[in-house]
């Protein structure tokens, strides 16, 4: 067990996600509750290197639970990947008398924390914050539920115009290498087909399915595609290919892009962030380190950071079957 | 095991909830997928008595996944509680050659289904659809997640004006005898206090807490109250009591009311409704009856209707602790 | 003409309205554009008395254009209605070297500005900010368009449940003594009847209309009522009266309340606030005082504060006719 | 004056826009009010050629006022541009005993109506429905206000992530050859720069402005670009150019696309559509033809279809100045 924790540093790192502010608020308020100090570190590891710190008390985080983005800002730091960078960061952490770190982000963020711990023994706890839901050790990452709602609201709008004009839309959503957003938002939005990295549908089956869908009386269709889907074509090439080979619909493409990262967090994400924020502080106070907090079967659980980074959060194959049945 | 299922009837009954249409759609499409017929029964058990039926095919449920309310309408039927009423209903079911029933609703709906099964052996499967989340055998009922988002969006708006005017707001939310909505939406909205039937805070502690909150520098506050909370006072009496005894805030009341039942369902509710809808049909096809489908630890599960009705879905006490810490 | 303006004070006063922050931002940025200083006065006239001031530069108002409420907070000040209160306020204004005032609010706010000008010759310009739209000299007040959208979104939700259960809902909206919100949101939400202070429908005609509506095949109905409507009954009494005398619908009441004042402003309100904010500063710089800026026929116009306060913004009677035709 | 009108046909044509359903509802209900028949023509002029008609009564348009898209669907018809196509269409109109037409759409729709009138003397009235607001003879087209709100809500989300990461975003919005959406949504979203076809900013001034903005302390920026802006570069080329030449921000692009056409209409658009729908029927009943209804200075007005098509709706140059001041 390490020394007694009297001051905790909290940061957000990597891609931002809705609910990060709710997590920051929870960390800060839990520190206040246990009468320990809390320091915000701006711009993730880069702010650690630049000693870009701010003292946070319970009132500093008023009225942020409902805001998208992160008041602590985020970045990816190349300098922190160097030994010199990390040494500078440690110097600043030591000078600021920070005894433990709470790292809100994804794989890259957690890896940074582990390396830093190995070198300087600063205890750290990770909170999974990313819209992609691609982290092992939690059923849900903070921001994912909000992103799903953002995506279906946009597809609902696209469907208005798709069905008014009998069009076929290809909608590209985020997800890095994981189909969580595409599969869940696809089912939620009533998409006819969903292309995810975890399952290679193949162009022929896609065409066949769209033809069947047309025959069955559907006048418009939505296909949801994960960015960087492994089908070997960009969403625009895919759309062209389908338009040429199907010749039954006008085809249009919509790339949703960064709007998926923003917006006021859903209730689910705010509650999740609050629960994980409380637990993360309590783990540090209990002398723990190198753990990620997560939600497994509706309970707050912990996973070794190492496992969280190396493991793979598998997609729910049952949902693929549901999607197939729904698109009849 | 009963006879082979060739035609399924589906109804919504009791209070409506967002996502009921998504569940209807899933039932109808799954029937189409398995090449069995599907009949919509209007206005719940009353429509069964009135033979108010409609044939539904895969295309009948286009573009309803995103709509609030229920296209099959809902009601509470006094007549179905009589033997004569149920006999009439059975006559109609028999004439329509309906072999199994899918009942979307809550406790009352499921009880009706069990009584009907006992008398006439028409197999039935229940799908939990209610915003209150007060059903045993599922972590989430359909409509609950949407209602939470509706509530926090409204409280976010109320907080705008509360903090502009340094006011204290009492916000009454739905929940029948359960604090799920109040507790989760309260944490999500950053409420200072949350009054739920499961925990008697007491007026003195409420006052004490609000005083402490004021001392700690909060200029405005939100208190979320479950309708019919057992504190023994209406939300208006409560507000008056606090205003007189606290004399530090202008106090206002907002009763959210029926808007909580409406609106386009969240992605979570649409996906949940789709999964439960598929499973409910498959259970009937497998010869099952008197089961409720639900989501337990992210998996689709079944519970005896009898247990679902008699059991009590317990609130998460950890969240009460989170709420206390957050309101520091 | 007064002395050269080098420092402007800006405040929000009276009931808050969405878009007030966009107006503050526009005032602050316009000051920066013209290289003059800008001071925010907290809590309206009370903050003037308490010397509760804050220096605002162009960056102070980053990321507030989309926020409801007012960062300067608002209040109603009894003390400012006394000669002593105003004398204190003037002392503070003089000490802070504020040469002109921009007052964002409604009638009461403008009256205060005129009295203050008469006594101390501090030039002032009014910006109409209130959701009620009851100000003479502008077609639209800041916040009104947003409130309309808030109201119809809620009524859309209520209609989901109303039509699922064949119910009649009475929905009470804000408006002080003016029916702008009720009439426009009522038409926008497709209400069957709209009760506004400007037109006494009478209980008999209301009943007659609802009966006709039921006969015509409508299964559910919405009646929008302005708070304090002169029909001589509260919305609850009204609902009871109709339920007893109509006996065709279950009747429910929803009082929308303060949520109507909050929320992120609509594009219309943000643009309106930006235009009026720019103009208000330019008028002060031009040596003007005692004017209200407004939007008349899509152009920024000015009205004497005195006329703005004494005049009456008349409701559009054509819209009542449209409403009657639509509810056939 | 033509013969007495006993049956009116209504259609939507060209790009769909939110509020078209509200306009259809208003036309149908006004017909019912005046006891004349109403026929819906599906898919615009193509449906006229295909005799794709549907009888509409007051109840047919229940619960559509809040829906995006158009229940009558829309299309662009090449066949109607031929004499043969129009002759077929006339045959169908005559057989269906339709005495007058109400055309909801834009320039192309109105031109079709005029040609048809010249050949067959079927009276027609145009209702401006397009998100682009590029129609002469009305201050607002139906759908424009909703599109503005859609755009600013998305940009608010993008700003969350932009400011979390100190990025510069180029956001492309719709508008055909007109900058209405870009200019108004740009001001509403607090964009730093707005590129519209009506004003050639030039790349140098854009760079200069963004540099100044960075120097002034802004850490993130949004540039709104009209699709097909005449700056001679696609939004992606523009972004690359700026990234290379500015080297102060990470630059990202977001193309909003078709989502701008969908969604539930704003209150403004629903009220506008209702007012124009009523007037359009009354004009036909008064024996008028070849007029477009519109909203000018808050009053319902009429313009010759010929003028509406040939005229140019000029953008408000004052707003460009407001935008410049705001981006200081």
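Each chain carries a letter (A, B, C and D) given by its place in the written order, and its residues are counted from 1.
We adopt the following convention: a residue touches a chain if its C-beta (ideal position, glycine included) is under 8 Å from a C-beta of that chain, and two chains touch if they have at least 3 such contacts.
Chain-to-protein mapping (UniProt): A, B, C, D = ATP-dependent 6-phosphofructokinase.
Since we're looking at a predicted model, the values are computed, not measured.
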- Message: Measuring between Cα centroids, which chain is at the maximum distance from chain C?
- Response: A
- From the listed C-D, A-D or B-C, the one duplicating A-B with over half its contact pairs the same is C-D
- Rounded to the nearest Å, the gap between Cα centres of chain B and chain D is 39
- Between chain D and chain C, distance of the C-alpha-averaged centres to the nearest whole Å: 28
- Note on the structure: Per the C-alpha means, the centres of chain A and chain D lie apart by a whole-Å value of 36
- Provide the list of chain D residues touching at least two other chains, using ranges where the numbers run on. 156, 159, 163
- Message: Quick check: in the complex, which residue numbers of chain C touch chain D?
- Response: 25-26, 29-30, 32-33, 58-59, 62-63, 65-66, 139, 145, 148-149, 151-153, 156, 159, 163, 184-185, 187-190, 216-218, 264, 266-268, 270-271, 274-275, 278, 297-298, 300, 316, 318-319, 321-322, 325-326, 328
- For the chain C and chain B complex, residues of the former touching the latter: 12, 16, 18, 67-70, 73-75, 150, 154, 156-166, 169, 252-255, 257-263
